[in-house]
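What follows is a set of notes on a single structure, which appears directly below.
Chain IDs A, B and C follow the sequence of writing; residue 1 opens each chain.
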Amino acid sequence: MDCQLDIFFLEAVLNGILLAGLLALLALGLNLVFGVIDVVWICYAELVMVGMYGIYFAYKGGAPFILAALFGIILVALAGAALHYVVIRPVLDSEPINQLLVTGGVLFFLQAVATMAFGVEFKNIGISLGSVSAFDMSFSKSRILSFTIALIGMLALWLFLKKTYLGTAIRAIAQDRQIMPLMGVDSKKIYLVTSAVGGGLAGLAASLMVLNYDIYPQIGLQFGPLIFMICVLGGLGNMIGGFVASFIICQFIAVGSSCFHTEWGYAIAFLFFIIAIFFKPQGLFGAKS
Amino acid sequence: MKIPKLSGNAILGLIAIAVLPLVVRLLFPSSERYYLHLLIQILLWAFIYTGWSLMGRFGLTSLGHGAFTGIGAYVTVLLWNFADITPWLGIPIAVLAATIVGVLIGYPCFSLRITGHYFGLMTLALTEFVRLVIVGLRDYTGGSLGTQPKRYGDGVSFYALQFEPDRILSFYIVFALWLLGLYVWWRVDQSMDRYALEAASQDEDAAASVGVNVTKEKLKIMALSSAMCALGGAIFGQYQMYIGPDTIAGLGTSLNMVFAVVAGGMWVMLGPTVGAVFTQVLTEGLRVLIQSSVLLKSTLGSAALALDGAIYGLLLILFIIYMPKGILGTWLERRGRVRK
Amino acid sequence: MLELNGIDAGYGAFQALFNVSLNVKAGEAIAVIGANGAGKTTLLRVISGLIPATRGTMTMEGANLRVTAPHRIIETGIAHVPESRRLFPRLTVEDNLRMGAFIPGARSKYAERLDYVYSLFPRLKERRLQSAGTMSGGEQQMCAIGRALMSGPKLVLLDEPSMGLAPVIVSQVFDLVRRIRSEGYTVLIVEQNVSQVLRVVDRAYLLEVGKIHASGSAVELAASDEIRKAYMGI
């Protein structure tokens, strides 16, 4: 155990903040879909995985990274819309647990198909941006980039929801679905758009993740539960709550990992989550119940 | 002790299952061990799935029961390996531990009315936590590679509760366990608690207003369910003689339980058993098919083994959309007898 | 403008409207009065397409409403102010109004329509950034009507605008109705408050248990003994 309040501690804290940006972006997509459509995509992390593979192959196929990233975003946006159209819509009016289970099925399916199509070996996109040093601390540039892009992504989403007609309709439908036709809004279309935006956010996150992590079919199992935890902790459906929760959890992970073994960082984060929910089961900023 | 009145058919069915090992010995003398293994897996998982369904049928869909099977298995094995505590003591301790964890998670959830999505995600977090702890304690648990209980003597031992080499003995142990599971299910079904829980699953406030202590009822069923799954996990460890965080704990295990019960029929006594037959036969059948199919092996290579996951996933989706009552449930419904 | 002929409608096995026929001419203000459960709200929902009619014809300026998708009815010029206002509680007043202008035809005129609504209802302008759910009942009704006007409708459907409001607010609401009427909108208003609504409209229909029992000018109906005894407590 290695835990003094020294420069390494500070580095861990700051790295935690950088990681939180990325996880907050991931949580955002999930929260959006839940807040609007009232469904939890258990397979959300698997959608990100699909995006990561897409970006990997596009890049390796010769596309410049920006284009590959764009491809990834569009790919997962379409996947999100398809997920809603094919799998969610038939069970939209049945019990919430059916929606969870049906996306659980997609989880199995995507992991298996990815294994069959791409094999189990880890793939890495091979882009190394190097690192910056400040005061004896070193930070990977790709982490800093991810953090920045994540913040920009969140800002873009906020602007979209606040300022555009479609975005306002998305906010409105979460509050009163039944009167939407009276305003000329086709609910089915809004749900599709929301699913596409949720997928797009996952795709954006995927483009940031390929810069920092290896790709393999089971990667969803690594961060999927973490994202759910962050969303529930922040209050499922509450986007700002997810943001804050992400930062809290990432501090536990970063500090825990630097003091103990990596697993313990995560374990402590989960334990914190369980205890926090014990006291505030709606989440720290619980909105929906 | 209340005993159910069994119909003639039921008694015949039980006898048929009880003599299955002998049938296997007659029909497949050379591959007896393999087929017995299959039957044992089916009955063991059927027991575990039945334990899960005690909660699932009342709308308390846990995505984290892998935590309980994991605790059951690992506590038993670790107590044996590192403290030389016989599983006869170790298993009750493990079951108690799992029950305590279940109640600890259940209490805040139920008293604060967490249901549906939230409950599912909470249990998901729990199973992840347990898996992380298992992997984190790698010096004891072997981490993600798993571990084995120390073999005692030649592998068949009353003291160490080990029986794997004797497949026939193993079968009857698991058969008894399975019957126990069905009995528990039946007792719950007959009890007043069942009506209380059904009322609560429809409308908690209404149930509370007629005097149902919703929290206590839910905690009772959760304790029972987690205990059963822990027991199943422990016996799994003793039979398989190997446990791993992903084979007996973790999200995959939890989702398998849900899938099997949904496929078999959540509200029917034999539904989870049908689900176990379905999933085990599916997995085995696919494995055999893939191994013997040159075409599949050449196109997919070793990744062909993932095919069962793909089919699993597809089937889960199709079942939820088209047959949410499961195979047995839908069949019974179609025959005009809906037992809810 | 709006014509219903022989409309049947209901909820599953339960039929709520039987052979309902009515018409609204351009520039008129028409009321449909009746007791609770008579089917008045159902009637408006059928016109807006939220509930399908099982029999009969329904046209708006000749356009067949029965074959129009619910979210496209607004494009025929009908704007529906729902029962209990149904504002989006956590959106601001201005966002609620913006939602009223969602259809493409209304978006291009958003700015001028917004000014217009604010000039009609200055109190809304004061509260434009306030969450709609935190306003008083009367203000919410104002906002709901304003939201309907944002689409530039020809016909405004008002579903029990006085419901759940204190008496002094109720007369303010009927003043609002007079106001939009004088702005040139055609109005179909459904109401339980018979005495007040008959003072605001030209003609009225009496709906009882899903059937039209009487119709005539507002003056006639207000003078009828049957109506006075049953609905006006006289």
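Basically, contacts are C-beta pairs under 8 Å (C-beta built on N, C-alpha and C of every residue); 3 or more make two chains touch, one makes a residue touch a chain.
Keep in mind that this is a model prediction, so the values were computed, not measured.
S.K.: Using CA atom means as chain centres, which chain is nearest the centre of all the protein shown?
M.R.: A
S.K.: Relative to chain C, which chain's C-alpha centre is the most remote?
M.R.: It is B whose centre lies farthest from that of chain C.
S.K.: So the centre of each chain is just the mean of its C-alpha atoms; given that, what is the distance between chain A and chain C in Å?
M.R.: Distance between chain centres, rounded to whole Å: 44 Å.
S.K.: Just how far, in Å, is the C-alpha centre of chain B from the one of chain A?
M.R.: Those two chain centres are 31 Å apart.
S.K.: So how far apart, in whole Å, are chain B and chain C when each is placed at the average of its C-alpha atoms?
M.R.: Chain B and chain C have C-alpha centres separated by 57 Å.
S.K.: Find every residue in chain A that makes contact with two or more other chains and list them.
M.R.: Not one residue in chain A touches at least two other chains.
S.K.: Going by the touch rule set out above, which residues of chain C reach two or more other chains?
M.R.: none
S.K.: In the complex, go through chain A and note every residue touching chain B.
M.R.: Those residues of chain A that touch chain B are 34, 40, 42, 87, 90-91, 94-98, 100-102, 104-113, 115-117, 119-120, 217, 221, 224-226, 228-229, 231-232, 236, 261, 263-264, 266-267, 270-271, 273-274, 277-279, 281-282, 289.
S.K.: If you look only at chain A, which of its residues touch chain C in the complex?
M.R.: Against chain C, chain A makes touches at 165, 168-169, 171-172, 175-176, 178-187.
S.K.: List the residues on chain C that touch chain A in their complex, please.
M.R.: On the chain C side, the touching residues are 48-50, 69-75, 79-80, 82, 86, 88-91, 95, 98-103, 107, 147, 151.
S.K.: Hey, which residues of chain B end up touching chain A in the complex?
M.R.: Going by the criterion above, the answer is residues 59, 61, 63, 105, 108-109, 112-114, 116-118, 120-122, 124-126, 128-129, 132-133, 135-136, 250-252, 255, 258-259, 262, 300-304, 306-317, 320-321, 324.
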